[in-house]
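Next come two complexes, and both contain subunit A; in the first it sits with subunit B, in the second with subunit C.
So, the complex of A and B:
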């Protein structure tokens, strides 16, 4: 048995989202490497060292608690990371565009300090707050893309 | 059993914070698990893997922050550091612990 074999046994027990699972497995790998190296330094051979490391780690109990700690969190963070930019984009859109849906005054609005502050906060919050910032970035690009289309073609009604 | 689990979780949080603040260096999970066992002279024993759910929970609560040391593809270790909030929590919990310990000693007639 190798560390990879052991990690392959642990992986399905974790039952986590891919990104969280990858990080947790990386951390467990590091732990097992340290434990195996320490056991080998005490004179054990590789298979014995790994068996000792696995027993000391407590695979069953640890994976159950890791699952309980992380399960569903990634989804929640993903939803929050997705929802916040949408809400903020709607606020910005409401500030920039006229109530009738046209973007006639968008150039003037972009120079307003309040808008710049809001936009900066809106950009930074999802990036700083959420580990899954790729969702936030992707949604930002998507919604700002939509807004730019309305700015480039101000007569388009939304 | 559930009560014991809760006690372990509560005391582990305090012990981890104290260790990291005293050490003043970022530490990874393996180091933390072994340092706790060593500091308690073997009386604080638990399955090493149980340190990770606790560390992750503490990070989520803002008591710790973590960073990866080493490059992808080579030996990487996730190390933990106490945050300012963690240090504040430690100060508060140590005070509570000392007060509780003193009152128990008095109650049990152990105080000199």
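So, the complex of A and C:
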């Protein structure tokens, strides 16, 4: 048995996105290689060292724990990428526009730049916490730009 | 089971997910997680729909859209349960509700995925009839994907090899038609969700007319056959 054989046993049980799965498997490979090297240093041969490393790693339990830790992260990123820019654009929209849909509040907002700064900071913090933040930020900038253009360009109706 | 983990289970590993429903495993946790995620996603989509009009309309639609799906579920759930029972099903009402909530959750996820597109048209188009029909289209696609999951789930959960399985599958298909009709009528009763630009904000409009004549009227106006008043 080799490290690759062991990783092939673990892979189908992880049930994760391909990208996350690759990262997790590479992490496991690193741990196993370290354990094998340590066992070899103690005088064990290659197959025995690998068996000891696999037993110490605990394939069943470790796979279950890794699945529990990483499951749902891909969905979380997907939800964040779709939902956050939409939520933030709606917040901006209702900062610009009065509750009845008229653009009356637009001038008031200009006189309160602190409000804009606070809103921007508060909204940026959660975005920066997501690994695939670039997509969410790009979409957010696109919608905010579009929102501002349509708000200040009087010929374009919202 | 968290709301996001359950979405990943439904979308990525549905065979195991339906298998767990069949065995009645963690039904309460599953129902709770699907309930929370679908309410959140539907509320967000509702807010986008209502944002064409006013903040009050956005807030109202954010509340009414989850209500629409849950009201339809409550109205239609007993019918599916008892008809399945008549044709030899051994599923509990909780299992039926879990399957129906699976369909609603999938519909909600598809709606959420379409929210940026709808928002884009909200920002760049001022045609009310077009926006209304765009939403009808998005709901139709999301609804179809949702009920496909329901049919698949029913097939896996209700022991397809047993007696009456064919009849039960037919019951599900007929039930989907009933569900669509009830859902469209509940939507019509809870309207407006978008809010006509010529009208002031109303939480509910007066009863009268129906969903289908309104859609035909919108199509007529969009293609220039006549003007809706």
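Everything that follows uses one rule, which is that the second predicted complex is superposed on the first by the 91 of 158 C-alpha atoms of A that agree within 3 Å, B and C clash if a C-alpha of one lies under 4 Å from a C-alpha of the other, contacts with A are read in each partner's own complex, and residues count from 1 in each chain.
The definition used in the following text is that contacts are C-beta pairs under 8 Å (C-beta built on N, C-alpha and C of every residue); 3 or more make two chains touch, one makes a residue touch a chain.
None of the values given here were measured: they were computed from a predicted structure.
Undergrad: After the superposition on A, what does A:15 contact: first (subunit B), second (subunit C), both or neither?
TA: second
Undergrad: Looking at the overlay, does A:59 come into contact with subunit B only (first), subunit C only (second), both, or neither?
TA: In the superposition, A:59 contacts subunit B only.
Undergrad: Of subunit B and subunit C, which one touches more of subunit A's residues?
TA: C
Undergrad: In the overlay, answer first, second, both or neither for which of subunit B and subunit C A:146 touches.
TA: In the superposition, A:146 contacts subunit C only.
Undergrad: Using the touch definition from the top, say if A:47 reaches subunit B (first), subunit C (second), both or neither.
TA: Neither partner.
Undergrad: Looking at A:71, would you say it contacts subunit B, subunit C, both, or neither? Reply first, second, both or neither.
TA: A:71 contacts subunit C only, not subunit B.
Undergrad: Please identify the positions on subunit A that touch both subunit B and subunit C, taking each partner from its own complex.
TA: Subunit A residues touching both partners: none found.
Undergrad: How about subunit A: which of its residues touch subunit B in the complex?
TA: For this pair, the touching residues of subunit A are 23-24, 26-28, 30-31, 33-35, 56-59, 61-63, 65-66, 68-70, 73.
Undergrad: For subunit C, which residues count as touching subunit A in their complex?
TA: 2, 4-5, 7-9, 11-13, 41, 44, 47-48, 51-58, 112-113, 115-116, 119-120, 122-124, 126, 201
Undergrad: If you look only at subunit B, which of its residues touch subunit A in the complex?
TA: Within the complex, subunit B touches subunit A at residues 28-31, 46-50, 52-53, 56-57, 60, 75-78.
Undergrad: Could you pull out which subunit A residues touch subunit C in their complex?
TA: 15, 71-72, 74-76, 78-79, 82-83, 85-87, 89-90, 93-94, 97-101, 139, 143, 146-147, 150, 156-158
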